[in-house]
Amino acid sequence: MILLQWTLTPELLYQAGTGILLFLLVVAAIFSVVQKDLLMAIVGTSLVSLILSVLFLLLHAPDVALTEAAIGVALTTAIFLIALRKTGRYEE
Amino acid sequence: MIYYIASIAVMLIGLYAVLVKKNLIKIVIGLSLMDAGTHLLLVAIGFIKGGTAPIFSEPGLTADAMVDPVPQALVLTAIVIGLAVTAVALALVIRIYAQHKTLDIRKISSLKW
Amino acid sequence: MKKLLAAFLLGFIGYYLYTAFAGVPFGENKMEVGKDYLETTVPKTGAVNTVTSIVVNYRGFDTLGEVTVLFLAATGLGAILFGMKGKPEDKHREPSSILTTGAKALFPIIVLLGAYIFIHGHLTPGGGFQGGTIIATGVLILILGIKSFHANHALLSVMESLAGITFVVAGILGLAFGKNFLENILPLGTPGQVLSAGIIPIIYIAVGFKVGAELAGVLDTLMSTTRGEE
Amino acid sequence: MPELFPLSPVHYVAAPLLAAFLLPLVAKLSRSFIKILPGLTFLYVLYVSAVLYPQALQAPIIEQIAGWAPPLGINLYYGPMAGLFASLFSALGFIVWLYSLTQMKQEPLDRFYILLMMLVAGATGMVLTGDIFNLFVFMEITAISAYSLTAFLREDDKAEAGFKYILIGSLASAFVLLGIAILYSYTGTLNLADLALNMDKVPLSVRVIVFGLFLVGFGIEAEIFPLNGWAPDAYSAAPAPVSALFAGITVKAALYALARVTILLFPFAGSMALISILGLVTLVISELAALHQKNLFRMLAYSSMGQVGLAIAALGLFTAEGVYAALFAMINHAIVKGMLFLTVFAMAGGSATLDGLNGMGRKKPILSLLFTLGAFAIIGLPPFSGFWSKLSVLTAMGQTGNYAMIAIVLATTIVEAAYFLRATGRLYLSEGNPAEGKTPLSAIAALAVLAAGILWIGFFPGSIDETLTAGAQDLLDTAKYTEGVLKD
């Protein structure tokens, strides 16, 4: 009977969604710090930015979400990748 | 509340990378993670349950049903500043690499603490 | 040993940060100044997007500083990497013709999108910074897609300067009209229209051009820097 | 003109900004504009000071940017203290420009002058602003210029010093931003005066945490021990004119911010005592470290931190006399240390060691004389400016009964005297290699202005008494500050 009360209300879905996103955010952050291959680490940071920009949308901050998407996901990643091309790829 | 915890966690992960990691690019990654955590924290402070985005795009919206716009404006500024710092830091990394052919701070004598 | 020390420090900072924020209720309305902004933005600034009106009007001084920070980053980056221009990296790979054609076709669309975003900054989400960044991304696609492409630095720096001067002059005009620095001197118009909100669209368009030019310059400078091995 | 453009404090920031944006354009017309434009800008800003500062001594000038009354808008607070600092920064900027005209040859010069102007404008903005987030933005402007200038020269180790600086500086700004976030989440406002009135909304334990964040954040920029590991590297890596500005401007702006924030938002006895103790520790450790340095710029950097430590120790008393003494010490330090950096560079070049000074007394008599003057002034020998500043520090400490502090300050003075006299002795008592090259007149003129300042204050200490007293009162009178800003 108790199980039946756990219907998927939009509210619950929303909360579960944010919970998962926040969890993924932390995992992506840890990944980008631990990963020895710097290319993968940079992919990790851009993933952090991507999740962040979705979270900003959920927090009703579309302006910030757009900024994070344009700057964090696209531009910062590009700059990191260019810097990586000019230096070495692996962490010793 | 979980927003606060997660963003503080991201910030601390970044700080950990800055303090412990030996690779210059990793350290810069740590700095940008610290920034990311702070930004999420600020936006989360301004959030109001049941609020809408602070844009009067439709006639029916009223001021008392909106989230706080101030932290959003601050974060916008902070993100751009973060990008600027990251770009300068990476330019320095490129120059250090050109001189020393390594990104490992243990091999660059003047970067040891 | 160092890791242990770091872990201790992290625990220390984390604990105190957590206690500081534990007293801040999440999701509740605790606005003081924010409320005033929301209530006055449409009647007093003419901007429908409150975030834009704060960024460009109420706290426009911050934004002038922010534009300066980006300008300084571009300037500093050029100074740091000065004299490190190398030969173009041609040995790596040739961009495929699909990429080249695609870049040429995409670029105008991306520029239009960016321009749309900064022209409508006072109405919809986005503004000068977002639009300018999107345009810079378009330039990045050109750099990647067309081998011989190099951004015209002279043109970029003229654009950057003119846009920056526009922002400061818009501020000084406020003083010249007997008002305050950066104060609005234009009619507010009908909120919701493209031509409304006084000087906000003008400033945001200038910011858009400036950010676009600066970031494109930064990307091009970084791309044309030599690799360490040479 | 006065009717068309009424002078207001915002000109301190707007004029250099306009010049910085214009510089790339006019550089295309003629290369010589690159050098002229910054000079004109600094002259204009000095003119602003000449008009506004006397007014500020009567009553603080409060300007509302964009016409929004605080706490909605950002305001500038141009009181006696901010006016003093802004005028000092403008004057130092002008002198360093005059010196750089002939001494700074490294390309790209247009970028160098843009960064130089913005370093001064950013520091001035930090001093003027009445809004805590705006303070953060100006701190970033100053910091990014400083990072780039540190790595401006091409030689080895410059980029490393810049990276170290950017790393620690970013931590500083992250901490300050966090502090701002906490304050905003409790009070819902960002204006300093409004925050001061609303601090009771913040629980005491949280206030301590925020104070810690600000102390670390501003303390890094103000080179307080143990957060100053970046400073010797940055000072010795940066071009000498820039090092002079670091010592004279960046540190002062950060100190001003720390003092203003502490006194407005965290006026509890513990926070002030902590600042005082940190200042003393900085003083002792830096002076001892300076004793071991072979590289002259590192020696001056450590000595600089020591001097700032002295100022912080006096500031931490937070009595009228203490702040007066701290202000005096800061002004003295800005003038004297600026002169020493510039003199050493003109005398022995960018990588000067103690040996480089050997026998300079005969080869470059004017520069040697200036160095000696600076060394004596730093040690605190009468009748130079340093004597009066040290005396006022000791008096302030005596009045609060801190005799241990007096003993420490006197002991460090002996250490200071040891290494500065050693350096001076090299000038006159040792034989050295023949030096070549003449120092251009404009560089000598720049140094002469500073030397004149040292002597003027040395012989007529009463002439700056009024400004210092007004500055100290301005900082301590928080009620006047908040009422002035929030009068509407």
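Read from first to last, the chains carry the letters A, B, C and D; within each, the first residue is number 1.
We adopt the following convention: contacts are C-beta pairs under 8 Å (C-beta built on N, C-alpha and C of every residue); 3 or more make two chains touch, one makes a residue touch a chain.
Computed from a predicted model, the values in this text were never measured in an experiment.
Comparing the chain pairs C-D and B-D, the larger number of C-beta pairs in contact belongs to C-D.
With each centre defined as the average position of its C-alpha atoms, the distance from subunit C to subunit D rounds to 30 Å. Note on chain placement: the centre of subunit B and the centre of subunit D lie 28 Å apart, centres being C-alpha means.
Centroids built from CA atoms put subunit C at 21 Å from subunit A.
Centre-to-centre separation of subunit A and subunit B, using mean CA positions: 12 Å. Residue positions 61-64, 67, 71, 75, 79, 83, 86-88 of subunit A are each in touch with at least two other chains. Looking at subunit D, one finds that residues 133, 137, 140, 144, 147-148, 151, 159, 162, 178, 185, 190 touch two or more other chains. Counting partners per residue, subunit B has 3, 9, 11, 15-16, 24, 41, 44-47, 51, 53-55, 66, 70, 72, 76-77, 80-81, 83-85, 87-88, 90, 92-95, 97 as the residues that reach two or more other chains.
By the document's touch criterion, interfaces exist between A-B, A-C, B-C, B-D, C-D. Of all residues in subunit B, only 2-3, 6, 9-10, 13-14, 16-17, 21-26, 28-30, 32-33, 36, 39-40, 43-44, 46-47, 51-55, 66-67, 72, 75-76, 79-80, 83, 86-87, 90, 93-94, 97, 102-104 touch subunit A in the complex they form. Residue ranges of subunit D in contact with subunit C, taken from their complex: 4-6, 8, 10, 14, 17-18, 20-25, 28, 63-68, 71-74, 107-108, 111-112, 114-115, 118, 125, 133-134, 137-138, 140-141, 144-145, 147-149, 151-152, 154, 159, 162, 178, 182, 185-191, 194, 198, 203, 205-206, 209-210, 212.
Those residues of subunit B that touch subunit D in the complex are listed here as 11, 15, 18, 24, 27, 31, 34-35, 38, 41-42, 45, 70-71, 74, 77-78, 81, 84-85, 88-89, 92-93, 95-96, 99, 108, 110-111, 113.
The touching residues of subunit D, counted against subunit B in their complex, run 133, 137, 140, 144, 147-148, 151, 156-157, 159-164, 166-167, 170-171, 173-174, 177-178, 180-181, 184-185, 190, 229, 233. Subunit C meets subunit B in the complex at residues 2-3, 6-7, 9-10, 13-14, 17-18, 21-22, 24, 26-31, 33-35, 37-39, 41-42, 48-51, 54-55, 59, 62-63, 65-66, 69-70, 72-74, 76-77, 80-81, 84, 123-125, 129, 191, 211, 218, 222, 225-226, 228-229.
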